[in-house]
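Below you'll find the structure I mean.
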């Protein structure tokens, strides 16, 4: 079943030093464009849906480049408006082994998206045309104007019978000191509007201030997710637990709470090429499973493998097709397809 | 002892996306030229022999580029003719970890080699000048014209006292459905003409339809190789068993059947950079051992290490010298030679 | 006024040696995807229309890459089907000064497009949805099946009230010896169906076998275009005359015949970066002028400058916006925009 | 004679698409760091002086990279402070022939330099240590805080017996509408403090609102420079006139007003590789001539050739040594030095 | 506490084939400039000291490039003289897995440094200005002239109250056959002058001909270091033991002998990106610890982690700041800093 | 007619900064291998002859890389010996417009070739096997040992009925002060042995100390060549006159003296990409014309166009085939071959 799935959020320019050099050692940068919304809508487009990005890009060559890139990913650009002069950027220096990767953001609050006024968008028309809308907690951290746009779009989509997906994605550096306090009411408002929420026990504890006397992550999850689902009336909650086995080897275990029941996927372990954006692959997998009426077991397995594959591709944006994911679920490692 | 060793086969253009991007993500391709025959004759040239390629290349800039590349590898180009307009090509996208590498072939049946007529070559003159000729099962899969060229060249070499090497190299995708049935008589004809055959128990079971009630690969080999050697009167049969330990770590064990006795090399384990062409390094090692009268134990060890080293170099074509191989056989891992 | 403009034709992979090396000297290739149809529909998309490509791409990573590239150009991919395994390719070695550039084609007749059957397309549905369809003489040279698809699609579009654009684009190497004879009836059939034809006096003389006793190109044009327009009932005929002033400096003069009158643009002279695809920029300019009801003088000036700018960008595909073209028409050369 | 020469101004990151692609076509960027002050102090360091940059760089990897780059140029970094998180950036897309280059600025007002408070610097100490200070009109356009820093540093240097160089460098896009009006008093204040001013007749007419009834640029200069020198008590005024002969060929003529006399250099014509920063090479040449007591004729010739050579090197920053400049002044074109 | 730390030694040009190709396979080289002295002084500059290089560079573009590179690293170039025409070079081909890296030196004895006469330097002035001088055994191996410069500079520094650091760094290939015999007296002379010596038990056994009946490396160290310290009156001796766990995974354990006591760091294990220069990071860590009065335990831990981090950066030259090292000492592996 | 043509001389490594950066600005180098002998023998191989290089290459990876490169050019490597450790190198920084290119040599006298002893070669065997031997004045400038090898090989070839080609190629920097005096007797000895000499009027005046009262180059040539031919009994003398029209545009006129008659080619003008090695293309053209019995008019035209084309290809080594040269002689400029 193919749906019309849109995301509202910022498009950022990723500027990555090739290889393992630092910005001070290097001379060239590879650039691409991404963002949670871009990642999710591109991923669902690869899974057979129609993906739309709702955003604002600057009216200059940087915006043109972002536009071309988004189109290349197969995202329909018709809900993107062009205004302003800035795009959020982040510089990425690859770590190696014990030396961590380093992300440096710049130019964020001044971006076209974060300064665009509401009349820049046609929320009503969009709400009528789409089936699913995706939001994320990064956007929620930006400023009052963007927060207000987010909430009114969510309401419009719901009013037109669409579904709302919300990824908590709490980033401490964006909310600053005392951030959880500032964030709580905004998160709660979004949770009340959502049909599918991406979160884990940390979000429940720190943002929603829920208590648990369990020590282990999984047990905290078992404790807290039912309360969250109940309190905010959320049909489906999903997320992952990551373990860093060694510098470039990670393990991931997906979970999903639905119909009063918490389902865990088999954990997977794998070598990591590029971990940015892998969580968005998980979201797209859960969404795809739900749309197609997969069993919870199949959905979490599918989403976990989608996330695993996203760690093995260059760039933030997942590129696996449904077929690639099923192949990886069913087979042991191939070394060469020919 | 230095011999004149030729190979009859196709030269292909390898077009590889650098790094770990897919063809859809990338922008540039690295290109080189290879093929089983190129790999084997270049490898034996590095071991001190004179290597010749017998093939047809297009009479255009693509053929010129292939010609330069082959010369660079130290192969004597005097048996290469220039005709037609196409070269077989394959695109290679590197896998990463759990994501397998992907090979996409194109333009194969239309290639200069696969459409060249027999009067394009001087088989009689070649047969008089060389000591050893190498063929492979990939060429056998192409079409009747090429198969017939293969067989008549093999006969001419034998008639002039030369030796015939045949690498079974059965590729299911080239023979299509019911392929084993189609292939059997052609393989049998080549086996009857051969002095050294590269094969394993799978070839015996599936192509030659031999039966064994053993379950383990090694035991099947012990069962079947004597029958093959006997039936087709083959002096030496050799091959390898590969185990994929994890995505980029493989183990390899070489074997060789000669004078009614099956010799196994010590298995080696190693990290893999580029596995295409490593089997051809093994062939070149066996051939070099036989030419120089190494003991079977030394020959399989030498060939196995040659294959191991071929996994650690860029490109299809092995580059190790005899000295490099002996060093790797004798020493524990060095981290820096200076 | 924004129209729905489609093109029917082949998408090719362009493999270009960077810099000025030959294929034999080089090591890497830059690749992109283009074709007359891609160039025209991408160019009109930049001018504000909706561009569609009607074609067939292979169902493999090469086809995926072509698909991404076409989407990046802003072409709507909904009329592209995926079948077969091959894509036409051409290798490009850049010339320098007195040394000409060199194009080597391969894999053309075997391409997915040239072997696709008619039921691969939904011509009727397409004919109902689009306003303008573009064809070119390169496609006409391919084979009977493709020619028949071309003609039936042209008829379907006309039957639904759409307009047909045909670019004569006669390539001697594709039609072979005696090519003009073979081509004539096919060209005539297309001319009868066309509303806008791209051609020059050479096409009239050699394909249509019209006679003139004038010696100069312009005078031949004045002689012959009225006859062509009359004979085949073509509302608008347009084209260019190119003069190569020196290796990298060309002059171009556009013309257009409409309502019994032949209009010439002011000739422009410029330095050439990449001349492939510049003719398609001219076509898109004429089409845009006609759609918007520009005067013939404005239309040829606009199209000529569009073609000029296309010589200054990398790749086959024009990238100028309407604004870029108007700026270049109005202003003397700027050296830096900031 | 070697002097201690400092510049106060912004360091920017230059992000350039390689070759002739647009940002939408490209994938990689070359980056470097520059700015009027960087260019001038690096150039004088190459001429044998000690160059210092007075600026603020962000305390993150972007600032580290800028720091390394500045050190590489031979600039002494001891007056640079590290604060804030942003660096001004500009994207550069190379033009080709009739297609102009395009500069897109971003993140300018938020930069560490433009937001640094005055206590960030040790102006008094600097003023005691240096011989010459350089300012430019770009910095003057930024904001009140920076303007005030500029003026108090100029005064401190003068008070300690140092010389002040001011490059008018009026940029319409930075001052916005009605910019000349806003700028006038600030420029006048700087002119009153200056010992050497870089300007031309346009600055005199538009910023200083001086009138002339001459039509030709040179004659306007002859009319207006004496008035400016007189009014603001400026010992030396210098500048250039540029003519764009064709897309990549420019002509340049330097001039200098001193002791009531206006001296013109011989005009030079040359092919242009990278014109950004060439004016700063001219400034450095005038400054070097004045420091060394060259005759006005020698000074303008030296500075003009320095500017010419700066057009032939990659990047904003001039790289010619005194010897390179003298060689280019004395000799006809060499094609190869070996 | 920030000190003035200089090193006397050769600057070499490193020419590295990118990726894993051999020099025969490749086409391009990455180049940089390094040497033990460069590595140590650059590393201490990153730790907050002022680093100076005392060397001679050729007076040509190769020397200019070396100069720029050294300045970029933050080394003060004021003690570098420019003379002669040659720079020592080494080519580096990266190994992969079981295939070792390969270093090929050329042009060494002819280098500007190795042929510079003593009047090229101002040793007396330098000795007065610096706090610490660093030498290494590679320089000692060069020729009599350089050895004599080394010794007289060491004496001058000591005479002015500075400290002498000497890294034994015995390279068998530089001393040739019977090298230990030739080297002994020179090493002894340097040891007598030194305040901090980098060495291990091998140096004690082979160069200094000390005997031990212990078999294990650590026990030999415990046996021999006290004798060395006593004999040559060396306040601090430090070094590392390396274990190669597998091709790209190494373990390192630092040690330090001071005040009659031998302190070992916790061993660290890590993946290796570029091992050249990691020993120099260790030296800089020991030196920094001693300058700042760290406890021996803290000093060896700090130096060991500095060496570990140096294995994870591109190039010979360590780039970690004091803060990076403390972070890596205190925290488990981060996968992404943002 | 296909001949066996060998050259005796040095193979050098060319290390070129890509684009227009200086060595101090750049980060990567492109490398290749060339030399007068390599250029001439590779060029004649492209014209259908068998080219051999007689030289010595180091026995290390640098020598391996040179070997591969020479083989790639189609030169038969059987007369190359492997000894020593050094290869001559030169760094090339591309000029732009008025800024000249810069060549920096290093490691020349220490090269394997310049230090190889005579027993390293089999001159007698070579002299028996080849038809033509090529020498150049650069080799003559090296040292006594090499000069003596040159002369004895020339004599051996003559004694076996072969022809001797000598290119005067006087390089002032190699002979040093008073060079013409030092060089004269060596040049005279070579001229007496030569059948074809490449030279111009400057060589006659400065090396051979011949006098002329003519001022113009052509007239000096007419005066002096007959005297040279007569004095040293040289059957054919040939050379070129170059005029630098502007930075990248040169004109070239070839000439040839034979049978008492001096023939000039039509001058050609062209844009220059890479001028190193173009003179060697001229030599190969003259040699090819003489071997094939072309008329002097055809020979100089052929050689001049060969030289012109060599200016348009990357690298030192000419790549034009006989067909490319005839095409360029007969046709006006093509802009695209397809």
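Order of writing sets the labels: A, B, C, D, E and F. Residues in every chain begin at 1.
The criterion applied here is as follows: a contact is a pair of C-beta atoms (placed from the backbone, for glycine too) under 8 Å apart; a residue touches a chain by one contact, two chains touch by 3 or more.
Note that this is a predicted model, so its numbers are computed, not measured.
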{"item": "Centroid-based (C-alpha) most distant chain relative to subunit D", "value": "B"}
{"item": "Pair joined by the larger number of C-beta contacts - A-C, E-F", "value": "E-F"}
{"item": "Centre-to-centre distance between subunit E and subunit B (centres being mean Cα positions), rounded to whole Å", "value": "46"}
{"item": "Separation of subunit C from subunit E, taking each centre as the mean of its C-alpha atoms, in whole Å", "value": "63"}
{"item": "Mean-CA-position distance for subunit E and subunit D (Å)", "value": "41"}
{"item": "Multi-chain contact residues (two or more partners), subunit B", "value": "22, 24-25, 27, 67-68, 102, 272"}
{"item": "Chain contact topology (line, ring, star, complete or other)", "value": "other"}
{"item": "Complex contacts: residues of subunit C adjacent to subunit F", "value": "19-22, 24-25, 90, 95-103, 105, 171, 173, 244, 246-248, 250, 272, 275-276"}
{"item": "Subunit E-facing residues of subunit D, complex", "value": "68-69, 71-74"}
{"item": "Residue numbers on subunit D that touch subunit F, as the complex places them", "value": "270-273, 308-309, 311-315, 319, 328, 333-338"}
{"item": "Subunit F partner contacts - residues on subunit E that touch it in the complex", "value": "15, 18, 22-31, 60-62, 64-65, 67-69, 85-87, 91, 93, 102, 104, 106-107, 110"}
